[in-house]
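Here's the structure we're looking at; comments come further down.
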Amino acid sequence: MDHNIKDRIRASFQAQSMMETLGAELSEISKGLVRITAPILPHTRQQQGLGHAGLTFSIGDSAAGYAALTLIPLDMEVVTAEIKINLLAPARGDCLIATGRVIKGGKRLSIVTAEVHAEADGEQTLIAILQGTMVPVPR
Amino acid sequence: MDHNIKDRIRASFQAQSMMETLGAELSEISKGLVRITAPILPHTRQQQGLGHAGLTFSIGDSAAGYAALTLIPLDMEVVTAEIKINLLAPARGDCLIATGRVIKGGKRLSIVTAEVHAEADGEQTLIAILQGTMVPVPR
Amino acid sequence: MDHNIKDRIRASFQAQSMMETLGAELSEISKGLVRITAPILPHTRQQQGLGHAGLTFSIGDSAAGYAALTLIPLDMEVVTAEIKINLLAPARGDCLIATGRVIKGGKRLSIVTAEVHAEADGEQTLIAILQGTMVPVPR
Amino acid sequence: MDHNIKDRIRASFQAQSMMETLGAELSEISKGLVRITAPILPHTRQQQGLGHAGLTFSIGDSAAGYAALTLIPLDMEVVTAEIKINLLAPARGDCLIATGRVIKGGKRLSIVTAEVHAEADGEQTLIAILQGTMVPVPR
């Protein structure tokens, strides 16, 4: 895979202050697939002390968006037009792992999905699935 | 409106460390409607320096969830089963205002919507709409 | 409102054989709003004898799409990129009424919603809400 | 797989007059997966003569719902609480094939997905993906 694409995604990711706030990290970039991991930190929880849905959404949406970006010309960005999340189980554990995939790329729209797993004691549970649309825009 | 309900929602909101991280505040609680506001802080931005979609989602989802909670017996909580967000415009400005509403309450499912506006120089722009399902669960 | 726009929408509607199969009719066309009604016919039912979700979806989606088309240059069509439906109540009664509205028009994407009501004995019940994205394409 | 479950699903399917109107047929029933096929008939088309989005939705939603039903006690039915469809390509060809799958079953909610392919000259193209929530209800 083109190193320029990986570099661009890493640079874009680092420019998102929200990702740093959430403790999120890019853990994999390949053609049409991006993985982001984030610990469940004391300051990103919901009222029962579990990971907040906003954390799950943020890394799921970003993984899906960057997956779309791996297939797009270098002078373009993508923005989320819409995305839907189904939450399957509580975000319980040490960290969350979001895997974004491109279902269909395109010049006008990219259709993407993401899965988010929670990891506790080395075991992973699927806690959310997302399905959405990314739009390429000029940088 | 019952003060116990308002108190319960305020207590639940304060127990969400994510809301504090985002600088979010409960600005209105009435029957079937909850409003949450949040500044666009330096640490909740995306790569172009605008408010992050995760910020918009987090307060929209929470406003919708708490709107559902205003219509639910005091010994219950709600969790998001699913929610979809359409992003209409960039989150540009000083702060975001999320307004959650109940379309149809119910013992098993509550159908909710939310609108999120961005405020810049005193003017508001609709930047996102959400539509989702909340599920009452025992506390 | 421009008569050419109404004529174009009526012509497009009549070209959809599915609308005739469902017994659907265009009952209102105005700027950013289109209404479609359909009886609950013997051949468009689900297993309990109520209106099929596919009927509710079809007229809700079409009303939303044509609402978008009222704001688009005459040489363009729209197609549904994505749409989500929450079903609130069974489709019980004599007919369904779908009202599509444009939340935000645009050259690349139109964000739309629709409400579907069921009418029984002159009384209307909200049975579904939809939220989606229409894409203008050349005819 | 339990024959009673297959029989129940076939009986429910045959009771849906809409499925007959669309020419739809159950082509596979297994644990957590149901497949429905439908020809693109002259009376189920949109304005350009291609298969109508309501056709794609109807068989995708039904395949997902029946997939959920394969994992549910025999005295229960399921209804669609909500479902979202992303349309990837036009419904062009001889017939459509919808494959519904259960992502997570449950007593209160079943999370499901579906894919719809169009078949033309023996070749299949993915034209839609769906993600939704089914709710078990007493028969």
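Descriptive notes on the structure:
Which chain is which? They are A, B, C and D, in the order written, and residues in each are numbered from 1.
We take it that a contact is a pair of C-beta atoms (placed from the backbone, for glycine too) under 8 Å apart; a residue touches a chain by one contact, two chains touch by 3 or more.
Note that the coordinates shown come from a computational prediction; the quantities given were computed from them, not determined experimentally.
Farthest chain from chain A (centres taken as the mean of C-alpha atoms): C.
With angles rounded to a multiple of 5, the C-alpha fit of chain A against chain C returns 180 degrees of rotation.
Work out the mean CA point of chain A and of chain C, and you get 33 Å between them. Between the Cα centres of chain A and chain B there is a gap of 21 Å. If each chain is reduced to the centroid of its CA atoms, chain B and chain C end up 29 Å from each other.
Listed for chain C are residues 81-82, 84, 86, 133, each touching two or more other chains. Within the complex formed with chain D, the residues of chain B that make contact are 81-82, 84, 108-109, 133, 135. Within the complex formed with chain D, the residues of chain C that make contact are 12-13, 15-18, 20-22, 42-48, 52-55, 57-58, 61-62, 77, 79-87, 90. The touching residues of chain B, when paired with chain C in their complex, are 84, 86, 88-89, 103-104, 111, 113, 126, 129, 131-133.
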